[in-house]
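Listed next: structures, encoded as structure tokens.
In the two complexes below, chain A is the common chain; its partner is chain B in one and chain C in the other.
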Partner chain A sequence: MKLVTDNLTFKPEKEYFLNKVSLEFEAGKLYTLLGRTLSGKTSLLKTIAGLQPIDTGNIIFEGKDFSTIPVWKRNVAMVYQQFINYPHLNVFDNIAFPLKQRKMKTSDIENEVSVAIHKVGLLGFEKRKIQELSGGQQQRVALARSLVKKAKILLLDEPLVNLDYKLREDLRNEFKNIFTSDLSANSILLYASTDPLEAMQLNGDIIVLDEGEILQSGTAKDVFENPTNIKVSEITNDPAMNILKGSIDSNKIILNENVQFKIPKHVKNIQAGTYHFGIRASDMILDDKGFDFNIDISEISGSETFLHLHQNELNIVLLIEEVKNFNENDKVKINFNLDKLYVFDGKGDLLFSPFKMN
Partner chain B sequence: MNFNHKFVFLLPGLLVLIGILIFPIVFTVRLSLSSWDSFYPGLDFIGLDNYIRLFTDDKRFWESFFRLSFLSVTTVFLQYIIGFSLALMVWKDIIFKRFFRVLFLIPMMTTPVIMTVIWRTFFHESLGPVNDFFSLFGITPLWLSNNILAKVTVIIVEVWQWTPFMFLLLLAGLLSLPKEPFLAASIDGAGPIRKFIYVTFPLMAPISIGAIIIRLIEASKIMDTVYVLTSGGPGTATETSSYYIFIKGLREFQIGYSAALSFTYLIIMIISLTIISKLLVKLLIKKI
Partner chain C sequence: MRTFYLTLKYLIITLWSLFVIAPFLWALSTSFKDFNSVTGGATYIPWLQFEPSLEGWKVLVRSPAKGGVDIIEPYFNSIFVTCTASLISIILGTLAAYALSRFKFKAGFIKNNDITFFFISQRIMPPIVLSIPFFLMLGFLGLLDNLFGLILVYIVLLMPIAVWIMVDFFNKVPQEIDETALIDGCNPYQAFFKVVVPNSIPGLIVAGLFCIIFGWIDFFFAFILTFTEVQLLPVKIVALNSSVTPWWSLSASALVSVAPLIVVAFIVERYLSKGNLSGALK
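So, the complex of A and B:
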């Protein structure tokens, strides 16, 4: 069972919603669409579901042209960013809705629904009205409704983004369990997200989208280790990877007149010239022997501290894995973990990565 | 100072309420206990005589009441069906959407009495264009002087005049519905018809009930259409309660008796509309 999108393009006005999207999805796998808002994630999901038209391209599922099949006959399930349920029905009837559309026997419906309710942890809420539930519970109902269908294609469009931090963490773990335990060889799972961390945690294949275009696709490890260009490196890292403009001259990397260092071992046979150097916020450390930087902003997030630093024209975000207080305009000394340095060429394509490149 | 100043501010509203609502009702009740007519005007007291006459010796009132029930329920039902269909039609993106929305509202903007005069001309049995058309097939239905057809004519005119109001309320309702459940329904495997049955209709139930009740209240006052179109005729075939009360009170000047009629009518209407709305709620909201 395969879902193939072939050259999908949708450009209603000036901007591309989808731009030549050609992908292949296999059953039993989890795919994460990673991209910023308006990158075409929702468009792609909606197109697969049949809720959005396309200008050109084909969707082929199990060898059949999908685009001629109306939405309600496609047997896809979708969970949205907003908690979409039927406001006039209670929890049980909401979850039973897709099964009722299939004219299933009442006793079968009851069994299926109670299994789903159990799975998403809504036991005891069957008779509640949707409006009487919290946001997290509403999203659980939507998830149960999509699971109960046993659809061959399950589309999840940023299902956790409207939930609070703690709930998001809990539900993400539950999602993962439900997916891995339920994801038989018969379903294709597509999960859209803006959060790189979430994509890595779900640990499926990652498809990086930007402006309707596929920038890179591969396993989570692959995309994380070897982002094909600067844009991917920004999208797949939070905080975005620091991209520093600099040059190489006589065995030295020169970021500016003060910040210069030796070329690390994994960067081989590089010619002199200007390049973009990438380094993750977590790959720099406070070091008394390091370079001087000024603190612009210091923010504490959870158990981590982000430092926004600058030296002359050089701007850097640094992540410290502990809570520390700094004052603005203080000076700190930092050093780069050069073994983790990425080199991109002038156009932004990856030249050297600290990890093994394909 | 114990004097509560806030009540002073309530006074104007309270006075208006007493003047235009409470006093007339109380006065009507008092009037219904008198024998005020054109020969002996005045507020004498005859006890419940008028009510006894009404309940024991006035078949015509009850007939007119059941006729009214039939007419108003039928017209409102038809208005609801047609109004809902039209609203559904212009709810989705169709060409000339705005044009149609305004077009469907035009009947409501016309003066009912004038339009009824025009309809009367339309349905005129020997000179009207309707029978001009039917004479092509060799028939000339008696639109205004046949017992059953006269009712049909009243229904047609009422439906034409007031469907736009229903349409307006229901369209506003449709436009205020959230879009998401419809998305979910198509994903969940509901085709256009099932989507209507399981999503649109139940979501519209509260608005539908409101619209139906408003129209029922309005329709139960049918008077101008009947007055102009058939004058309650032929015989009493299209006579409604309000028209009958009008005849008793302002034609025959049995003021006391017509007050009793009005008051009884009011009570019955309040009770029956309450029951109807409760039934509708049960039928449309609880069940689905």
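So, the complex of A and C:
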């Protein structure tokens, strides 16, 4: 079973919602659509569900043209970012709604719904009204309603983004277990997210979208290790990768008059010229023998400390894996872990990665 | 200090209640008076201050041949016309409002907002402007002095109210709810009737209430478009007036005519405060 989108394009006004999106989804796999807001994630999900028109392109599911089938006959399930349920029905009737719509037998409906309620942890809430539930519980109802259909395509549009931090972490693990246990060989799961950490944790294939266009697709590891260009590196890293403009001249990498270093081993046969160098915030260290930088801002986040530094025009963000107090405008010495250096060309495409490139 | 505010609050509520209820009590008292009690100075309490009489009420049910004004038939005419016109207006108006809220229409420079405005614009003109066209049109259709002609006219007057209220209401119902219904296997009509309508009950009630009130109190069109065959309550009440103003029967008919609205208000009041949509979106 395969879902194929072929050259989907949708441009209602000036901007592309979808721009030549061609993808192949296989059953039994989890795909994460990663991109910023308005990057086309929701558009793609809605197009697959049949809720949004397209200008050109085809959607083919199980060898058949999907685009002529109306939404209500497609057997897809979708969970929205907002907690969308039927406010006039109680929890049980909300979850039973799609089954009643299929004219299933009452006893079967009761069985299916109670299984789903058990799975999402809403036991004892069957008779509650939706308005009496917390946000997390409302989203559980929406998830149960999408699971109970046993749809072949399950679309999740940032389902956790409106929840508070702790709940989001808990639910993400729980959701992941539900997906993996339920994700038998015959359903395709698409999960839209703006959060690169979430995408990495879900550990499925990642599709990076920007302005309706696919920038990169591959396994989470692959996208993390080898972002094909600067834009992908920005979308798939939080904190964003430091992108530093510099040049290469006589076997040296020159970021400015003070910060210069040898070319690392994995960067081979590179010609002199201007390049963009990428280094993750966690791939630099405080080092007494390092380069001098001024502290602009120091923020403590959980068990980590972020330092925003500058030296002349060179701005970088450094991540320290401990809680430490720094005074703003103080000086620190830092060094780069050059084995983790990325090199992008003038247009922003990846030239060298510290990881083995395919 | 708290006691002071509480006292002040209840004082204001009491004064306001008196202000609202007093005319009704006064009308009720007057309806049991006769000529002598009305003209004999201000009196309020029956038996103590004046001898109650049922004359004011009897006139309303007595046949014209015996000197009364039979309001029973006009009363049911009014109920029939108001209810039918309101119901049709709500059904048509709700469907139109849903379409205007959910689908994009474009014909040249005319877009959704212009269509909505077209509906509302029907109420901008003073009724007198509409009277002659309506008269001619109903005459052409042979529907003058006819209940169905009146219903037709009232639909024109009431539907804009329904459209106006419901467009606003549907715009506040998240579109994702309809989409979810489609995904869950409803076709667009099922999505509308099974999901959108049940969640729009507060809006429907408000719209229905407005339609009923505006339909019920209309005097102008009922007066112009009917003659002898059919009559509506407001017209008949005015017909009560004669050389000697019969305050007792006018009071009685005023109470009778306002009664259905009070009953409707009591029935729908609890649905209005429900706030059914809270929690649909967060």
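Note that the second predicted complex is superposed on the first by the 358 of 358 C-alpha atoms of A that agree within 3 Å, B and C clash if a C-alpha of one lies under 4 Å from a C-alpha of the other, contacts with A are read in each partner's own complex, and residues count from 1 in each chain.
As a convention for this text, a residue touches a chain if its C-beta (ideal position, glycine included) is under 8 Å from a C-beta of that chain, and two chains touch if they have at least 3 such contacts.
On a predicted model such as this, the values are computed, not experimentally measured, just so you know.
Student: Sticking to the clash and touch definitions up top, decide whether chain B and chain C on chain A clash or fit.
Tutor: clash
Student: Between chain B (first) and chain C (second), which, if any, makes contact with A:Thr305: first, second, both or neither?
Tutor: Neither: A:Thr305 stays clear of chain B and chain C.
Student: Once the structures are superposed on A, label A:Asn162 by its partner contacts, choosing first (chain B), second (chain C), both or neither.
Tutor: The answer is second: A:Asn162 touches chain C but not chain B.
Student: Name the contact category of A:Asn226: first (chain B only), second (chain C only), both, or neither.
Tutor: Touch status of A:Asn226: no partner.
Student: Tell me which touches more residues of chain A here: chain C or chain B.
Tutor: Counting residues of chain A touched by each partner, the higher count goes to C.
Student: Using the superposition on chain A described above, determine whether A:Val76 touches chain B (first), chain C (second), both, or neither.
Tutor: Touch status of A:Val76: both partners.
Student: Touch check for A:His88: first (chain B), second (chain C), both, or neither?
Tutor: In the superposed model, A:His88 contacts both chain B and chain C.
Student: Who does A:Thr47 touch here: chain B (first), chain C (second), both, or neither?
Tutor: Touch status of A:Thr47: no partner.
Student: For A:Asn237, using the defined touch cut-off, is the partner it touches chain B, chain C, both, or neither? Pick first, second, both or neither.
Tutor: Touch partners of A:Asn237: none, neither chain B nor chain C.
Student: In the superposed arrangement, which partner chain does A:Gly135 touch: chain B (first), chain C (second), both, or neither?
Tutor: A:Gly135 sits against chain C, while chain B stays out of touch.
Student: Kindly point out the stretch of chain B, out of 134-142, 188-196 or 278-286, that overlaps with chain C after superposition on chain A.
Tutor: 188-196
Student: Please write out, lowest number first, the residues of chain A touched by both chain B and chain C across the two complexes.
Tutor: 49-51, 70-73, 76-78, 80, 82, 84-88, 97-98, 101-102, 145, 149
Student: Where on chain B is chain A touching in the complex?
Tutor: 178, 180-181, 183-191, 194, 198-199, 202-203, 205, 288
Student: For chain A, which residues count as touching chain B in their complex?
Tutor: It comes out as residues 49-51, 70-73, 75-78, 80, 82, 84-89, 97-98, 100-102, 142, 145, 149.
Student: Using the touch definition up top, name the residues of chain C that touch chain A in the complex.
Tutor: It is residues 174, 176-177, 179-187, 190, 195, 198-199, 201, 276-282 of chain C that touch chain A.
Student: Okay, in this complex, where on chain A does chain C touch?
Tutor: Against chain C, chain A makes touches at 46, 49-51, 70-74, 76-78, 80, 82-88, 97-98, 101-102, 129-133, 135, 138, 145, 149, 162.
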